[in-house]
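For clarity, chains are labelled A, B, C and D in written order, and residue numbers in each chain start from 1.
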């Protein structure tokens, strides 16, 4: 799957997000009505699907991401896990709430190569508390093999209260 | 601290590394005799110190790394932890051995901002087995506050054996 | 589900295991032909199902497991995750191979109470390499709610080679 | 070091804890004025030192803790990490606050044997936020070798507010 709309990159202003649920904000990002974040351009990935408790990212790794061993740096997979789990959690939040990642962990099970084929990262919420949300994520290559997988712990933030 | 030598980016060829211990290879990278990996250019960080069982990275986050909340994406800190722990482990390996990261985990304790000031990531080996090495890492901002910390599990690879 | 056979506890002797695949050894444990390990008696849990790449444990937490807050200690859930993921990995090993846990991580999503009702922990292998196996695990209470979930990284050991 | 006072086991009543800071409560536990939790008896460990941001546990593993491989189950080390990191975090809390563990992770670097010699687990707080505290922990055997190490993420709870 590919995003057909031309993607804008940037950080949305608070008033662009006001009144949107997490799910609505991410749908707006997929449809190009809200910008994708700068990191998505730098690292070559985008959110491509979102529903309640689930988010999917797609990335196209390039040679700019190589580690000293000549494979895609594990940090790229970690960033995908971090992004997809955060969006899966965010999809469950009403207007006025946000989330921040407390911790992320991933295992690397196969090398990721910049071979021109897409990498897909799917995340699902596992635990949903009032303050803490947890999510799992699997990253698969174009052959459907799992190349990495991980989890994140997210904390819910109330944007309507002073912090 | 800043690396004064002009940095080359790329993936070293096997014969550039042949006969070098892990520590020697990373010293050569710091001194510009071996290239820094492409990911280091893309994400704005470099290894700046290495000794047996310890490695230090320095990064200068830019607005290209921002997440939708307008702070530096957690994936950047994860990549630093992943890199610094791998180098701390690599510093203990003789010629003919390499390592690959099995898993990485990090906690995010304070926002990282692209404020022009450097971020420092220091990693130390904690457990050194014949096949598995583990390392811890702390990331601090220019005020000396810990902004993230994590660990990695690395597997030692014998480059002289067919895999 | 309950194990109907009277359970013996102890550590099986190497010759009791000789020639058994991982799956066969765990089936023998479930059927009472091999002893369950002492920790299973101390902490009140048993393996109840196993198939290739999947293992299920059932536990009955008692007041002996309480932490200072009066709920079941998180270490009990961690031990279940550790056990179930190790058995899921072990189920894939041929005779002459064993595994050892490299690291385990779990999130705690709901309190576990010693209310006389069983707790179920199901683990599945996610990544199977020649040297490293990874597995995920979900722990559910009698209401089917997820109370904890986690992952482990396991290393395969060749018992036929000197270590 | 050994705790000389006879240890009571149980869960302290809320009014036994009322008005005590986290540090005071744990000092009372070390001195036998508050009970140690039941899990400490079941698994053979006790808190032996506490100060602001740091806690030390000592354990004496027995054959009741063995896994199928005949070594002490990794869950025992995980429970020590979980306990010591929680106490390190708890030592920073004023009266009226408590903490709950969100997640725990540990690496196992050497086998733990029930050889009659003590195992020591020392934890230190790394990140202290208003809502989240993180801590690292190292477990050493009687020879001073690190046998396991890990981290926990703790969430601060306000006992004076309805939850």
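Everything that follows uses one rule, which is that contacts are C-beta pairs under 8 Å (C-beta built on N, C-alpha and C of every residue); 3 or more make two chains touch, one makes a residue touch a chain.
Not measured: the values here are computed from a predicted model.
Among the remaining chains, those touching chain A as well as chain B are C, D.
Looking at chain A and chain D, the chains that touch each of them are B, C. Ranked by how far their CA centres sit from the centre of chain B, the chains are topped by C. For the pairs B-C and A-C, the count of C-beta pairs in contact is higher at A-C. Averaged Cα coordinates give chain C a centre that lies 23 Å from the centre of chain D.
Per-chain Cα centroids separate chain A from chain C by 32 Å. The mean-CA centres of chain B and chain C are about 35 angstrom from one another, to the nearest whole unit.
Counting partner chains per residue, chain B has residues 102-103, 105, 107, 132, 134, 153 touching two or more of them.
Against chain C, in their complex, chain D makes its touches with residues 11-12, 29, 37-39, 41-43, 63-70, 73-76, 78-80, 82-83, 98, 100-108.
Residue ranges on chain A touching chain D, taken from their complex, read 102-103, 105, 131-132, 134, 153, 155.
Against chain D, in their complex, chain B makes its touches with residues 105, 107, 109-110, 126-127, 129, 132, 134, 136, 138, 146, 149, 151, 153.
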